[in-house]
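Next up, some structures in structure tokens.
Below, chain A partners chain B and then partners chain C, in two separate complexes.
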Partner chain A sequence: MKIVVCVKQVAVLGDEVEFTGDEREVDPDYLDFALNEWDSYATEEALRIREEVGGEGDEVVVVSVGDAQVEDAMRRCLAMGADRAIRVDYSRSADPITVARLLAPVAQRESPDLVFCGVQSSDGVQAATGTALAELLGLPCVAVVTRIEWEPSASRATVRRELEGGLLDLTEVDTPALLTIQTGINQPRYATLRAIKQAEQKQIEVVSPAEQGEPAYRVRRMFAPPKGEGAQILAGGPADIAQRIREIVAERLK
Partner chain B sequence: MNGTLIVTEHLRGELRELTRELVTAAQQLSGPVTLAVIARDPTEFDVNFQGVDEIVNVPLGQEEFENDVYQAALEALIADRQPHAVLLGFTVNSMGYGPAVAAKLALGFASDVHGIALEDGAVIATRSFYGGKVDAELEFPADRPVLLLVRPTAFAPAADGGNASAREFAVELPPARARHLEFEEAAAGDVDITTADFLLSVGRGIGDKEAIPQFEQLADKLGAVLSVSRPLVDAGWMPNARQVGQSGKTVKPKVYLALGISGAVQHLAGMKTSGTIIAVNTDPEAAIFNVAHFGAVADLFDVAAELEKLS
Partner chain C sequence: MARDPKYDILFEPIQLGPKTMKNRFYQIPHCNGFGSEKPLSQAYFRALKAEGGYGACCTEYCSISPESDDTHRVSARLWDDDDIKNLSVMCDMLHEHGALAAAELWYGGPHAPCMESRCVPRGPSQIPSDFEYLTYPKEMDKDDIRQVQQLYVDAAKRAREAGFDIVYVYGSHSYLPQQFLTPYYNKRTDEYGGSFENRARFWRETIEQVREAVGDDTAIAVRMSTDMFMGDSGTQLERDCLPFVELVDDIVDVWDINVSGISEWGEDATPSRFYPSGRMLPWQEAVKKVSKKPVLGVGRFTSPDLMIEAINGGKLDIIATCRPSISDPWLPRKIDEGRLDDIRECIGCNICISRWEIGGPPLICTQNATAGEEYRRGWHPEKFDPAENADNDVLVVGAGPAGMECAMILGKRGMRRVHLVDANDDMGGIMRWIPQLPGLGEWARLVNYRKIQIDKLRNVEFVPGTTLDADGVREYGAEIVVIATGAYWATDGLNGCTHDTIPGADAAQPWCLTPEQIMRDGKEVPGNSVVIVDNDGYFMGVSLAEKLASEGKKVTLMTPLGNIAPYMHFTLEAPNQHRKLHKLGVDIVTYHIPSRIEQGSVTATHVYDEEAHEQKWDADAVVLVTQRRSDEALYRELKDRIGFDALGEEGISGCYRIGDCEAPRLIADCVFSGHRLAREIDSENPEVPKPFIRERRVIERELAVV
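Our next item is the complex of A and B:
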């Protein structure tokens, strides 16, 4: 049994932002990086399934697209318990369809029983890479999954799809399949210090990127969003702020 | 290529308001606006809005959404209509097939789009990056349609009173590889947060499950109802019934006081039309400040302690 988990190292903007000279990207000096939260749930789910219904030789393989820097995020997955990691060497920012095209040959090569992607990334919030990848792999797809029941011998899985308002759609899907994993499906485990240290030593396979074709979009300009009327800043210390809040509330609830 | 093709958003027999918003979005583009209804009985939905030039009804042999079926229907519609742009809503259903169509047909693509324009005949879309902290204008490949998933509430709803003609478009539909079995409603909780005048809403910033009682107490003292953002429900600290956001409840209280909530897109979708929004967060760039009427960059525990004293 093999589960491929596609993961992303996401960028987190801090307190300030500056743009590059051509105004098409954020200056990388203003970015911090982390494993995409959805992907830690996806990794945990793959590990849970391997522990519950897997056996000797079964594997959880994480795949990511990016430059050497994204290996930090991949090592977190290895530290959680993933068996192998493969990085598609690619250093530009890419739209979700392009990322799917870069992931596809690697996922294909692994012949997985299941492919997991996070529903979305916290920085891009496109919620598209997984569904696009399923299409390229010719796999059935269910997006926004909050529960999975599956055994390696079975030709289908029963999953729960989470719709707006918390409505749940119980769905049966033929397997192999690609599922996009929603937060809250499980409680991702913490890696032990020992596991983290061991993961640092693990070899990550690096592959060259396949042909990507034309990108699905091109950023022509990136900018700070217009603040509109803007939030009126409540100044001063906590006591002043609390006082102002109390006044505003009293006024608005009249 | 000609005009805009919109796919009607509906769920469990109810037309979603988002469909009217897509019609408004389409007015930014050129050419006829075609509204497709893909459903068991498409004629059940009254979609004759102002700005719609043509309605195309695609009947299905089934009641509920299945992504393979909707994908086949949309691909057939695109082949038939050759639209310049295709608009879907940024919804869970559309996430299940929209990107697949884009990948299969190598279309231009972007999702969570909140602005659309036409410049020299080319579509320009605006969306946010870095968790809502920056915006960007996108260009698309020139020689093929672009498929966009549009953010709910980004456009005003189109009014009734259009006079489009409707026609039926039969599509050969494949067997679905992912099949709907049944629905489960979200559990109703002890409190209906959608009826509260004043919501005290806490997010990841409270740090720990152990902090919850303190905020329950504060809500009581303030005369507010306690609500939460998604991470607290994911962690199992609070039930879904208390959650504000796209996968929880949409609320519109007179006052929404957000403590330690960053303002993720799907959270804002659930509360941004609140009467007065007050946000407290240590991150001055938090997206919540883009919708707040009043904001304080401060530690929520310090402010909460002071609010407690005043009550």
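Our next item is the complex of A and C:
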């Protein structure tokens, strides 16, 4: 049994942001980096399946796209307990379709039973990589998964997915399949210092990028939205402010 | 980051008579336990605030003569030339940072017990102090008045010589000039008593004489309490203070305005339990309306938005801070640099003030473990040396006040990785629930500040929801282990009065409860009548009494002490807490210790008369606030079962415990404990605090043999 988990090192914005001179990117000086929150749930879910129903030789393999810097996030997954990690060496910024094209050959080569992606990344927030990858791999895809029931011997899994408006959908899917994993599906574990140290010693396989084709989009300009108008700051004690809010609401309701 | 332009007004210079203050941040006079006799501690303490951006810093109250000797409490003193030398260090260090230095010249009258000098204080009328026992003043005749005014003049000249830019003629807190102004103290029938003009005469003449002596190049400040909350006999805003401002406004350079007398000066140094920031603004605004001179005043301002509101609203010209400057000496600088989330906001617990009230010890601060340690331990609240063993990973078990502080400081000292592990989902330890006690909401700032800092530190990770046993610690992979597992309230009535348990006390019973069972675990307090047994003497017993009485219970608060919550007299919380409990109908029983507790009743005896005084109280529930015990199980497992040698073989070079886990203590001391260990984690033996500089006179051996 093998589960491939596709993970991303996301950029985290601080309170202040500046853009690069060409206005196409956020100045890296203003960025911090972390493992994408959704991907930590996806990794945890893969580890739990391996621990609960897996056996000798079963593997959880994390795959990511980026330069050597993204290995920090991958090592977090290794510290959590992933068995192997493969990095597709790519140093430019990439749109979700390009990322899927870069991931696809690696996922293909590994021929896993399940491929997990996070539903979305906290920096890009496009929720596209997982479904694009499923298409490229020719795998059935279930998005926004909040529960998985699966036996390695079975050729199908029962999964629960989240729909709009609090609805849940219980569905069956043939495996191999690609699932995009929603936060809250589990409680991701924290790695001990020992596990972190051991993960530091592990070799991360680096593969060259495949042909990416045309990018799906280009960033033309990044900018902070202009300040809106019409905000009113109310001064005074809580009672005065409450009274004033009441008046404003009453006025607007007229 | 840059300063938000809306705060620019805080950084505009302002003229105080002959002196220019570079901005609007003023450190109000406040005690620190150093006075004139620990001059380097004094100087380093004040200078750190100047380094942090304060435009002016003041001494604590600064005695002008041996007949104003506040011993056992510690004041500054300008009695002689040697005091000039000692305080000049503070002035020089403040000037190096571009800040003005101020001296609060003080004559206490009947409130100064003169326990060191054995002098006799002088006062307007012969009535003993309402603050100090057995202290009577000599009633001043005209010669006395001239002589005391000369003491002010001489001290002002010494202050100027020391390098002070601002000298006070200090009245607030019921000291001599204000005593003359106030009928409560002034019963005179001569030209210094009776009418407003007469009551104002002593203060006016003294200001005139001090101005005459030093006023050309030294600013004259007057600190006045504008309401003593005592009705007709106390100082009153309209009757006394506004006319006084008009009377002497021309010869005063800056007004320092507050409220209260001395016996309830918690109305001025307001605990957060009772008052929010800016509580004195109405009085300060009233003075500002009649004065042409700058008005400054305190209000425990920690938020720059409240500061600019006070200035833009015409209520103050200068933001004076006392406690917020102790909690964060770099408050102005952080506002200037746009680092608002780095501000260590004062929580208003008044543990700083408690040290002055106790008399003698240096001040401490719950939020700022480095307060008072600037010189003697060389600690800087914002600067940290990289640890010599920074290539180590540290495991801190327990994210309470001690554990959070330790992890944060270890992170700032650049340890490779720090894991702060806690069984709960969030940081805080006991501070997850203590701020939920009535009135203590602001105490949660202790947790919030550290959470934000820890979140910023890339080398510190909080690991929630994780309980480690000794083997878990051993296998965790850290080179250094810090145990901060806290303490718990005794469940069997063990207490410091009888040094024994209380027969029948057992918090496993549904009717018998401990504080954390009520606050943390949500254990229901059954029935209507509750007896709280309080041997602790600080906030826990009275806070629970207030909470349960507010919920409609009939509460009896019983203590073997002569007073409930005696420590709250030191934090100035006692008077209003008494009022609250009284209003809520809490029955207070002092000098009693339970001899037996059973379901439905508590039997107790008088501590000085065990046989004759046995009485029974109905009690549907009993709350045990008798003592705490360290939760040291994990530490004992590591030390006694596994052993430090065995841990060493696994690569753990040090295993230490901090905070309540070692011995229960004040929250401030828990924070200090975590901070101290982190500061000294690379010392020869981190378990033992390094010696601190004891500022004292060391005699030459030959001279000592007389």
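To be clear about the criterion, the second predicted complex is superposed on the first by the 228 of 254 C-alpha atoms of A that agree within 3 Å, B and C clash if a C-alpha of one lies under 4 Å from a C-alpha of the other, contacts with A are read in each partner's own complex, and residues count from 1 in each chain.
Rule of thumb we're sticking to: contacts are C-beta pairs under 8 Å (C-beta built on N, C-alpha and C of every residue); 3 or more make two chains touch, one makes a residue touch a chain.
Since we're looking at a predicted model, the values are computed, not measured.
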Problem set entry | Touching partner for A:154 - first (chain B), second (chain C), both, neither | neither
For this session: Could you figure out whether chain B or chain C reaches more residues of chain A?
Result: B
Exercise. Which holds for A:68: it touches chain B only (first), chain C only (second), both, or neither?
Worked result: neither
Exercise. Just chain B (first), just chain C (second), both, or neither: which does A:11 touch?
Worked result: first
For this session: Applying the touch criterion given at the start, work out whether A:194 contacts chain B, chain C, both or neither, answering first, second, both or neither.
Result: second
For this session: In the overlay, answer first, second, both or neither for which of chain B and chain C A:206 touches.
Result: neither
Exercise. Between chain B (first) and chain C (second), which does A:173 come into contact with in this model arrangement: first, second, both, or neither?
Worked result: first
For this session: Using the touch definition from the top, say if A:96 reaches chain B (first), chain C (second), both or neither.
Result: first
Problem set entry | Residues of chain A at both interfaces, chain B in one complex, chain C in the other | 15-16, 187
For this session: Under the touch definition given earlier, write down the residues of chain A that touch chain B in their complex.
Result: 11-17, 24, 26, 95-97, 100-101, 119, 122-136, 140-144, 158, 160-174, 177, 180, 183-184, 187, 213-225, 227-229, 231-234, 237-239, 241-246, 248-249, 252-253
Exercise. Touching chain A in the complex: which residues of chain C?
Worked result: 1, 309, 341, 393, 395, 417, 419, 458, 461, 463-466, 475-478
Exercise. Hey, which residues of chain B end up touching chain A in the complex?
Worked result: 11-12, 64-65, 67-68, 90-93, 95-104, 106-112, 124-125, 128-141, 149, 177-186, 197-198, 222-223, 230-231, 233-236, 240, 243, 246-250, 254-255, 257, 264-265, 275-276, 278-280, 283-285, 289-290, 292-299, 302-303, 305-307, 309-310
For this session: Name, in rising order, each residue of chain A that touches chain C in their complex.
Result: 15-16, 32, 187, 190, 192-197, 235
